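First the structure, in the form of structure tokens, and then the observations on it.
Here the chain labels run A, B, C, D, E and F in written order, and each chain numbers its own residues starting at 1.
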Amino acid sequence: MAEMFALALANLTSPAVLFFALGVFAGVARSDLAVPEAVAKGLALYLMLAIGFKGGVAVAEQGLTTTLILAALAGVVLSFSMPLIAFALLRIMTSLDRATAAASAAHYGSISVVTFVAGAEFLRLSGIASSGHMVAVLALMETPAILTGLLLAGSGAAGGDKRTRGELVREVMLNGSVVLLLGSFAIGMISGPAGMTKLEPFVVDLFQGVLALFLLDMGLVAARRLSGARRLGLGGVVFGLVMPLIGAGVALGVAVLLRLSVGDAAALMILSGSASYIAVPAAMRIALPKADPAVYLTLSLAITFPFNLTLGIPLYTALARAVLGG
Amino acid sequence: MARAVRKKLIAIVEVAHLNRLLELLTQAGVTGFTVVDARAGRGLEGEWDRADFNDATQKKLVHAITNAATAERVFEAAEPFFDRYPGIIYGQDVEVLRPERF
Amino acid sequence: MARAVRKKLIAIVEVAHLNRLLELLTQAGVTGFTVVDARAGRGLEGEWDRADFNDATQKKLVHAITNAATAERVFEAAEPFFDRYPGIIYGQDVEVLRPERF
Amino acid sequence: MARAVRKKLIAIVEVAHLNRLLELLTQAGVTGFTVVDARAGRGLEGEWDRADFNDATQKKLVHAITNAATAERVFEAAEPFFDRYPGIIYGQDVEVLRPERF
Amino acid sequence: MAEMFALALANLTSPAVLFFALGVFAGVARSDLAVPEAVAKGLALYLMLAIGFKGGVAVAEQGLTTTLILAALAGVVLSFSMPLIAFALLRIMTSLDRATAAASAAHYGSISVVTFVAGAEFLRLSGIASSGHMVAVLALMETPAILTGLLLAGSGAAGGDKRTRGELVREVMLNGSVVLLLGSFAIGMISGPAGMTKLEPFVVDLFQGVLALFLLDMGLVAARRLSGARRLGLGGVVFGLVMPLIGAGVALGVAVLLRLSVGDAAALMILSGSASYIAVPAAMRIALPKADPAVYLTLSLAITFPFNLTLGIPLYTALARAVLGG
Amino acid sequence: MAEMFALALANLTSPAVLFFALGVFAGVARSDLAVPEAVAKGLALYLMLAIGFKGGVAVAEQGLTTTLILAALAGVVLSFSMPLIAFALLRIMTSLDRATAAASAAHYGSISVVTFVAGAEFLRLSGIASSGHMVAVLALMETPAILTGLLLAGSGAAGGDKRTRGELVREVMLNGSVVLLLGSFAIGMISGPAGMTKLEPFVVDLFQGVLALFLLDMGLVAARRLSGARRLGLGGVVFGLVMPLIGAGVALGVAVLLRLSVGDAAALMILSGSASYIAVPAAMRIALPKADPAVYLTLSLAITFPFNLTLGIPLYTALARAVLGG
């Protein structure tokens, strides 16, 4: 218990979380501090390349196991199903229109790469590192939720556009972040430890620093999005805090069923509790242009992400430990 | 000297729908265009800013110089397009060199 | 077909004064605008270039489509603005779809 | 209120020839201009895109507000220029504040 | 003496100075070599993040001392007062209008982060490294000079704008570089050596390389600005070479009074002798839009910065050693 | 033999080549994966800075030798003369107009930095590392081919522009990549091992990672360019595959004459077999605006570069070994 508090405190005083807080502060105080768009995108590419590659190398070293296959299945099922819960809650708790509620719900089935990355680091420091293959689970969880979101939106989706649903799915599956994550994972698997020798200073040593700079920018963006919280209403804000707990809770149940290790269980909880802010918004603008982006971006970036980064991750980890021991 | 007059069309469109708009232009007979990145803006849907590292709400400006008949076809096709997708389109007369190009 | 006519305003303004200009536009009744990054330029104050890694002299282009009455209000408010700050503003007629938007 | 009318010139030009075009403008008497980066486009020579990390086919937009006489001189000098180099140029009337500037 | 010459030579043949020279050469020869704006800004963010963070960690390890408080006070006083001297000199030596002279003077009270960084490296190689807390002094020196500049400009400042002086000060204090420097410093202090373990490969190992690339760009910019030197006239150019000597000289006097260590004295001289080229120009465009930016940017970037980088730093260090021993 | 196959396979499964393949895949599948332009340019600057600097330090350590002078001479002669062969072949094998054929031919006399870098890594892994001074040869080979190209284009070059040929040559010689490469090389020579100590984590440790990210982007660009292959016709495509073999073959002959080491011979073959995609296209847009850029960019980026990266490099290395022993 005391140890968990110490870890939670270490999380809050880690450079990554503090740089996020600095970004939020600068944004709220309306400083002109800004990370150029191209640099922010470059940092995002780096993070996805590095995380995918390291995951792939880890799997190359451990081999494909049934645990991976089970965890992957669990992830896909969670991604498909969480938007159903989120949609129901949003319809009850808020007065959002159907399209916006469906689009927002899709975000909660999918995942946030940066939340996962911060969580993986926290697990490592807690001595219960998750397996490398959880990166594959992460990549697989990115897109299924989008399909559920489209179903929930009903006939309004892509309203009358001549594009078939098939084309939509193709565009969504080929989202840049999905391709880079899965591609880097595959490259890590193929080039294995020999490849790691070459890329280690790049993908491992620099990682925490790049993450800190990226989180500074995420803080700036979150602060800008905070102004959209009024549009959400109290119901919306509460949803953004409760939904990650539900996502993580359901994932814990699944992890118990599948007898995942504590680390993998916590990682699955973090994934399930996190909300997408890159792949899903892009897909929603294509498929549901009438859904209000201010709503889902505010929910995901300005409410759920900060919650997970600061409190969610230590909480999920503590729960995983309490339930699964370790 | 009086120059030949052609139509300049400008559309502001979201990045996810850019290719669809360019197809629409091409099908209407537009032979040349230039795309410029927008940086920030406000419209019916509220504000957006490129600094949001998220492409979801990024916009592009599309310029195209074309003849009057083609411009009219673009306007007609653009009506349902901008019903569905965010953005605007407008036109104006411009004087050009080498009018046969457009 | 004759399209409805509205005014397009374009202002070139320094990055440090952009927010002030957008406020001026909003107060005059402008409901939509799009900002574009300028890359380089020359004016009364001499040349500038974005490559100067220094934001001090960076400029932005602001486009806004609006109706004639609002445009006139903007012009009036812009006079003292551009007396004080570097930059220019100008207007032109454009044909629009969905004129009720502007 | 009726505003003074001036000419706005817009040229789209390849990055390698930008300085030559600016010289041409200056020699014709243009006193101010603003350059904007284009992102992608299509013309007689086919398509190009900035994402080609290669500057070879990158284009710039040059805006310049000037008076009618200067604009005419620019158009004349631009004819041989755009015979040789890719790109286009066109003009239009705009209403300005502080007309004596241009 | 011979040792000082050897160090000065080592300075001139260090990659950082040579990359600056390469940039100047490329700019003067009108090569199309260019660092994309977004990359240059990204490098600047990195440098401020790294320098702030390292300074903060250093203070976390050493604790807050009276020396720090004294040096900070000295820095603030120097920043407030140097513009007075600069303004007087500019009015005597040049025919600049009041607003432009006031704006230029403000640059010389404030500081240049890159000059400080190059100087800190030089001190380290000279075996008289300055304390980590000099970064805090640097951050505190950035803005006071701006206020003096506004006072000097008189009623012309913000000419008739409805903004109150209070708003102006807020905008100036929240300048992005100030926020990032102070924020990173605070993060370094809070996360301490544990934070450093995570970020070391990023903020320490890469530093010299990023600095070299950044200096390449500064060389390009300085060369572009050189063409503005004609507008300055001979008086202006001489001012740009003499003023840093005066700034450093006054700082040396203060350092003797406060009994600073040789390293800290040299660092204070470097700070006081350097001229801002990010925070102050941005503030001057807001507050004194009628002041001519070509004048102050040329002075700061094309004259004073190259002088300090190549000759000033070794000279100030030698003086500090001669006067304070060590 | 078996060893060569193992090395060729290692090449194909190296992260660099795989990231290139990922880029091609993403581009062909029309994923929206994209490296921001500014980031791609920043990576290119880094690669040139790093390769130039490392080459210069290597020469500082080894000293200037006759081998270097001979290799440099050979490189310059190859660069001047290969466009003659390329032009003749293009006129026979394709129906391209004179200006486009001349512009394309110029690309094959010049060199590709990334091909060289990938090749140097391959040689290192094969245990026959080339000398540091081959970087100087690379830099010297960039521009002579452009002059030959202009001669081949005949009076069409710069058609009627008032610029003299002298101005053109100046612009070409001051191409940013040429200046940065030669400048970094000079800085490496001047600052030597002391400079390397400072920059090593930047220019050495990160190199493979940055290269991987850059190759991802090159894959994306190559895929976009592939659509231009139709315009080339079969003759053009065959040229793009045969010409590198001819270039490498001639270079091997020269290397035998000059008694270069196996590593240097292979490096010279790689340089001679590679085609420019930065300096020459830029020069051709200036000097031969009527030549079709789609042709030469497709040839260089979408045909010759992928061929060299995957098959050419191991092949040239095997040939160099077979002929020169080692």
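Throughout what follows, a residue touches a chain if its C-beta (ideal position, glycine included) is under 8 Å from a C-beta of that chain, and two chains touch if they have at least 3 such contacts.
Predicted, not measured: the structure shown is a model, and the values here were computed from it.
Asks: What chains do chain A and chain E have as common neighbours?
Replies: Where chain A and chain E share a partner, that partner set is F.
Asks: Among the chains here, which has the CA centroid at the largest distance from chain C's centroid?
Replies: The chain farthest from chain C, judged by C-alpha centres, is F.
Asks: How would the chain C/chain D interface be labelled, same or different, where same requires over half of its residue numbers to be shared?
Replies: Both copies, chain C as well as chain D, present different residues to each other, with under half of the numbers appearing on both sides.
Asks: What is the chain whose Cα centroid lies farthest from the Cα centroid of chain D?
Replies: Between chain D and the rest, the longest centre separation is with A.
Asks: Let me have the rounded angstrom distance from the C-alpha centre of chain C over to the C-alpha centre of chain F, please.
Replies: Each chain reduced to its C-alpha mean, chain C and chain F end up 46 Å apart.
Asks: What whole-number Å value describes the gap between the mean CA coordinates of chain A and chain C?
Replies: 39
Asks: Could you state the distance in Å from the CA-based centre of chain B to that of chain D?
Replies: Chain B and chain D have C-alpha centres separated by 19 Å.
Asks: Could you list the positions in chain D whose residues touch two or more of the other chains?
Replies: Residues 36-37, 55, 92 of chain D touch two or more partner chains.
Asks: Which positions in chain E touch two or more other chains at once?
Replies: 32, 34-39, 41-42, 201, 205-206, 282, in rising order.
Asks: Kindly provide every pair of chains that touch.
Replies: The complete list of chain pairs in contact reads A-B, A-E, A-F, B-C, B-D, C-D, C-E, D-F, E-F.
Asks: Can you tell me which positions in chain B touch chain C when the two form their complex?
Replies: Residues of chain B touching chain C: 10, 12, 36-44, 59, 61, 72, 75, 78-79, 82, 88-92.
Asks: Would you pull the chain A residues touching chain F in the complex into a rising list?
Replies: Spelled out, the residues of chain A in touch with chain F are 36-39, 41-42, 45-46, 49, 53, 171, 174-177, 179-180, 183-184, 186-187, 190-191, 194-195, 198-199, 201-203, 205-206, 282.
Asks: In the complex, go through chain A and note every residue touching chain B.
Replies: These residues of chain A touch chain B: 34-35, 37, 40-41, 44, 159-161, 217-218, 220-221, 224, 277-278, 281-282, 284-286, 289, 292-294, 297.
Asks: Taking the touch rule as given, give the residues of chain E at its contact with chain F in the complex, in rising order.
Replies: 10, 13-16, 18-19, 22, 25-26, 29-39, 42, 201, 205-206, 208-210, 212-213, 216
Asks: Can you name the residues of chain C that touch chain B in the complex?
Replies: Interface residues on the chain C side: 1, 3, 6, 8, 31-37, 60, 63, 65, 92-98, 101.
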